[in-house]
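Next, two complexes with chain A in common: one pairs it with chain B, the other with chain C.
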Partner chain A sequence: MMNAGVSASPAAVPARPWLTERRRSRIAAYLFISPFFILFAVFGVYPIFFTFYLSMYKWNGLGDMKFVGLKNFELVLTDPTFWTSFFNTFLMGGMGTIPQLILALILAVALNSAFIRGTKFLRAVYFLPNITSIVAVTIIFSGIFANKGIANYVVSLVGLGPYAWTVQYWPVKIAVAIMVIWRWTGYNAIIFLAGLQSIPGDLYEAARIDGANRRQLFLHITVPLLKPFILFTTLISTIGSMQLFTEPYVFLSQGGTGSTREEGVTMVIYLYSEAFKNSFFGTAAATAVILFVFTIMFSLLNTWVSRRMGGEA
Partner chain B sequence: MPVGEKHGFLARTLIYVVLIAGAALSAYPFYWMLVIATRTRDAVYEMPPAILPGPELIANMSHALERIIFFRALWNSAVVSASTTASVLFFCSLAGYAFAKFDFPGKKWLFLLVLGTLLVPQQLSVLPNYILMSKLSWIDSYKAIIVPGMVSAFGIFWMRQYIGASIHQELIEASRIDGCGYFYTFVRIVLPIIVPALATLGIFTFLNTWNDFFWPLVVLKNNENFTIQIALQQLFSRNDSIDYGMIMAATFFATLPLLVVFALFSRWFISGLTSGAVKS
Partner chain C sequence: MSLFKKWGAAGAALLLAASVTACSGGGAPASAPAKNGGDAKPGTTTDKPADKPTDKPVELVFWSLGTNGYEKLAEEYKTVKPNVTIKIQNTADQTAHHNNMMTALTAGKGAPDIFMLEIAFLEKFLEAKDKFNNLNELGADKIKGNYLDWKWKQASSPDGKFQLGLPTDVGPTVVYYRTDLIEKAGLPSKPDDFGKEIATWAKFAETANKYKEKTGKPFVDMPDLVFNGVRDQGNEIYYNDKDEFIGDKNAQVKKAYDFTVKGIKEGWVGKNQLWTPEWAKDTNDGGFAVMLAPAWMNGVIKGNAKDTSGKWMITQMPEGAGNWGGSFLTIPKESKNAKEAYEFISWLVGKESQLKSYVSNGLMPSIPAVYDDPKFKELKDQFFADQAISVEFAKATKSVKPIRYGKLHDATDAIVKESLRNVQLKGADPQAEWDNAIKKIKELNKRS
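Here is the complex of A and B:
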């Protein structure tokens, strides 16, 4: 690319024949990309190895480190609280992700079929929740889910409740899932909308001429061509839900600093408390490794299932 | 369904109902926050919920100001987010330029490595980074937040795509022949052309840094250094019963700058969002 035709450039100073234009451009390129690799080495690579290393030591962050082999993994994996956090993560993740994607798809299809002027405005409105900080979102929804708040008023209209949303097993999870859904539905809708708009209109034309009805158009054209977008959003939200932290942490810590209740503890909250509340750095590192393994497994499983369910496009 | 298709009256009505319901559900919590922020502390428990704003916004906000160093926290967030953004824009466009327009051994692998780092979750490195920060005595300082975020893999990817498509090789060669150095060419020729991409990446980075909670929670210890997110959470977890009027007023004023930024730049932001997705 670069080195073809530039050797005649006056920049190639004849006094230093070894420093050819080609070499100079390589040096410049390496210099230009070096900040990333330096920072990545310090704050990315080294920490990952150190986490694996730390997971085999007993350490409180201050005194001596003591090698304990796989003991930390055993401690974490036999801790009932860890398993509570594990199931909470998956329950809240599933309850947040699945409705979120379905709602997003409905919104995107509706947006795509409306010929109104306000589509741009609507997109911005749908996207608003996503730019708000999770802390602000959680505080707003904590008001909604207060004991005598709107949520209980609404469920009382259909003869249910009242629920203690910050205490009871399912209400805690539902409240957190709703915060997640509210924050991410618009984001996914916009991704889906981009997908819908990338489908060429003549495909529909051709199918309609062949006598396809609206349902067939949707199932045989829209869904298969939207598959990469569905895959993308599913993967992103799966990884996101594995890392669920702020919503349950802030929601459940009201009235006391970070006294997270079992009903809402997630794997990252577990990790955080092990490290920064209890100073068990070894088990916290082991938790990080376990979380990492689960994330990879779950992402792979997710991709595999979506491929299978989608069939051949 | 594709644009251009004719819908029946019923289908059209249904579409509008869905769209308006979606918009109402997205916007209502913001509006409700404003309503509660402008009313007395018990307004949150009034049923049916209050509809119009009241007169208590100033009073509520002054209560919040007694509890947290609100403006200091806003300032901290602004400094941290602005410096991170400036740095990300500079280093990512520089690296993106190198990956898009230079030939060098290992280019492919190094770029794959950049993309690969996107898959590593932050939690895997949080402990060693915390230990590192305390060894460097960076705990409780701006540096602890700014330095690890000074360049991002996503940013490099984003800039490489944009520079690859928008800068012609001849332009760079012409500038070189005129005697510009590589860096000077970047600053004088490349940067002015990629302003739209810089704007998008800048907004993304700014919002993400501004909204981050996990890492600042880990490394910030002292009230004076809290970012606005940590300060809000602190305000929220007081041991006495929560004064929702006060907390909503603070949350409202903390969210307002973002809403303004978003209103000004949403066009760039949304198009950036979808062009990222289309490529994957």
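Here is the complex of A and C:
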């Protein structure tokens, strides 16, 4: 501001210059935030609109694009494999998410209790699965779920199996769900732990004086006060589970054919194979649009449910 | 936005996945992802003035695939054409390699002067042949006769007028087998004798049953390779010249399917899956005695079954070989030095160079004249009980038929193999599985 007079009004020029100090600082501010918006426009907005555009064309990725209207949507929505992938996504999502959140909550409570030593160390350990390469992890799990792997040995101890974990309907889903659980439990536990630490200790003290036992403390103080955190993790996990890709893709693509078996096809894998395996970019884009609609619907449902739950509290 | 992050994630995942199962689509003998022997001097930086002042310095960018020893040869090319510098960018990741090329072609920018194209991806690119130089116009029609006919035709347009690429290596299929296990089962183990024992598929099944009875173990490793063995003996597989689906009417495909089902029911087909650690272990532990696989698989077997050196041998496939894998060198239209590029690649896949890349990296030559070279014929392999395995591979190339795969071959084949696996591991009804597979394939074909 101090230099304003000097730079804004060069002597003897009556008209105000266009670049006033105010404008200048505005432009500077926009320039400072522009990298994000430019990148977002190029890598975010443009692909989104291009996907909508592409979903109405037939294109093999190399040749000319041909307008086909809504044909792509018809092809995808009448394809039984797409619906298989739809149900797979939700089944595996549910099987992965629900136990994972429960486990995470239990882990967080245990971590938060005063009886455990080395909390910081354990916290780091819980988080490790989340930053490990999913592909590497999946390959290790593939060994565990091999025909003569550990998983079959373990189930044989209780007189079950052997299962073909990479082929049969439920075993495939269980195997994938276990990988998902393994990867995300620690992450959610950390979030829960943060939530637990925000609960004031005097609440527990007061309840204990009133004679509440540990179960009652957990159910009537911990869980209700943790509700915002539970809602958050649920929302994030369900949206994440709709985008399940790497685990089933790597786990089931090892047969040399490079394609994922029907039992483990998720919507994203379906989309991916349409585009990059079969070069049907139009139907792939249509699948992306459908997935987009599903995700929005699901998020709205989630928000609605959490509003209602939040209202009660 | 998150929807599109996933695309990135998908790409990244694929990169990783593909680099793990680097040779899943078959192809160059790329069993080892690393470049050969740390030769970190791919002849790029030599700035010495050209010997002939008239020749302007030319730099050719070459995207190569798999372990092939081309770095060394490119350096050697300096002595042939001092003004030409070859800049090699090598990757072991097939899928990424071809996707990058696809992106470059779509963008119309960034393609190399020379691109190595693997057979499994060839049809896709043949569709976009207007983006590549017709090598016939650069003189390829003159050297056509040097190469295996079927191999050459793989990269030609159906009328033969357009030539997309020059042949590098081939992947003829042979029978790899464990001599010690075969002997233990009371069967003749010398290549010729064992070859006679399994000369037809009927005899193959008979022998397999005998082996299974004696040892209680499966004869072959997995359904897929048995299926491939029979499948590749026809003149067509799933698609005809016009890329129309004929797999439901092709008797050869059904024969392959039925034969594999028979093997599964009789119990002589193992339950392995390609490229899994379990399969590798089974190879080493003698879980099966026979593997029907292409020439480049010998490197994979050596890697997987280190403890069994000297116990493997090779004989010919029942009723004739097929081919799995192999590459071509192409020159995109974008190249500004197509003539120089052609000169280089025709040298690189010439007789001398092919022999060198066979000796150094096991790339099976696509020029039959090489097969008579003593350096080729007399190459013995300790792992294969000092057998001259190159002779067996060379013999196998002769019965391979020129097959047009069609651009949906891989996706189609995966569906059929899924059915076979359902029959084996779920005990599903073979006919119902077959019908279901055909239905799915037809659904897939609605899109093209």
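Definition applied: the second predicted complex is superposed on the first by the 264 of 313 C-alpha atoms of A that agree within 3 Å, B and C clash if a C-alpha of one lies under 4 Å from a C-alpha of the other, contacts with A are read in each partner's own complex, and residues count from 1 in each chain.
Here, contacts are C-beta pairs under 8 Å (C-beta built on N, C-alpha and C of every residue); 3 or more make two chains touch, one makes a residue touch a chain.
Nothing here was measured: the structure is a model prediction, and the numbers come from that model.
Q: Using the superposition on chain A, tell me whether chain B and chain C clash or fit.
A: Here chain B and chain C cannot both sit on chain A without a clash.
Q: Could you say whether A:194 touches chain B, chain C, both of them, or neither, answering first, second, both or neither?
A: Touch status of A:194: first partner only.
Q: Between chain B (first) and chain C (second), which, if any, makes contact with A:133: first, second, both or neither?
A: Once the two structures are laid over each other on A, A:133 reaches both partners.
Q: Contacts for A:245 in the overlay, against chain B (first) and chain C (second): which applies, first, second, both or neither?
A: Both: A:245 reaches chain B and chain C.
Q: Does chain B (first) or chain C (second) touch A:261, or do both, or does neither?
A: In the superposition, A:261 contacts chain C only.
Q: Where does A:164 make contact in the superposed view: on chain B (first), on chain C (second), on both, or on neither?
A: second
Q: After lining up the shared chain so the two structures overlap, which partner does A:44 touch, if you call chain B first and chain C second: first, second, both or neither?
A: It touches chain B and chain C both.
Q: Once the two complexes are aligned on chain A, which partner has more residues of chain A within touching range, chain B or chain C?
A: B
Q: Quick one: is A:273 in contact with chain B, with chain C, with both, or with neither? Answer first, second, both or neither.
A: second
Q: A:291 in the overlay: touching chain B, chain C, both, or neither? Say first, second, both or neither.
A: Touch status of A:291: both partners.
Q: Go through the superposed model and pick first if A:83 touches only chain B, second if only chain C, both, or neither.
A: neither
Q: Among the options 7-15, 313-321 or 421-429, identify the stretch of chain C whose C-alpha atoms clash with chain B after superposing on A.
A: Here chain C runs into chain B along 7-15, and the other listed stretches stay clear.
Q: Common interface residues of chain A with chain B and chain C?
A: Common to the two interfaces on chain A: residues 40, 43-44, 47-48, 51, 61, 133-135, 139, 142-143, 146, 148-149, 239, 243, 245-246, 250, 253-258, 268, 272, 276, 288, 291-292, 295.
Q: Give the list of chain A residues in touch with chain B in this complex.
A: Listed in rising order, the residues of chain A that touch chain B are 1-3, 5-6, 9-11, 24-26, 28-30, 32-33, 35-37, 39-40, 42-44, 46-48, 50-51, 54, 61, 103, 106-107, 109-116, 120, 122-129, 131-137, 139-144, 146, 148-150, 153, 182, 185-187, 189-191, 193-195, 198-199, 201, 204, 214, 217-218, 222, 228-229, 232, 239, 242-243, 245-246, 250, 253-258, 268, 271-272, 275-276, 281, 284-285, 288-289, 291-292, 295.
Q: Provide the residue numbers of chain A that touch chain C in the complex, in ascending order.
A: 40, 43-44, 47-48, 51, 58, 60-63, 75, 79-81, 133-135, 139, 142-143, 146-149, 164, 166-168, 239, 243, 245-246, 249-250, 253-259, 261-262, 268, 272-273, 276-280, 282-283, 288, 291-292, 295
Q: Considering only the defined contacts, which chain C positions touch chain A in the complex?
A: Against chain A, chain C makes touches at 1-4, 6-7, 9-10, 13-14, 16-17, 20-21, 24-25, 95, 99, 102, 105-106, 124-125, 127-128, 131, 224, 271, 273-278, 407-408, 410-411, 413-415, 417-418, 421-422, 425-426, 440, 443-444, 446-448.
Q: Which bits of chain B are touching chain A when the two form their complex?
A: Going by the criterion above, the answer is residues 1-5, 7, 15-16, 18-19, 22-23, 25-27, 29-30, 32-33, 36, 44-45, 47-49, 91-92, 94-95, 97-99, 101-105, 107, 110, 114, 117, 120-132, 147-148, 150-151, 153, 156, 169, 172-173, 176-177, 179, 181-183, 186, 207, 210-211, 213-214, 218, 229, 232-233, 236-239, 241-242, 244, 247-248, 251, 254-255, 258-259, 262-263, 266-267, 269-270, 273-275, 277-278, 280.
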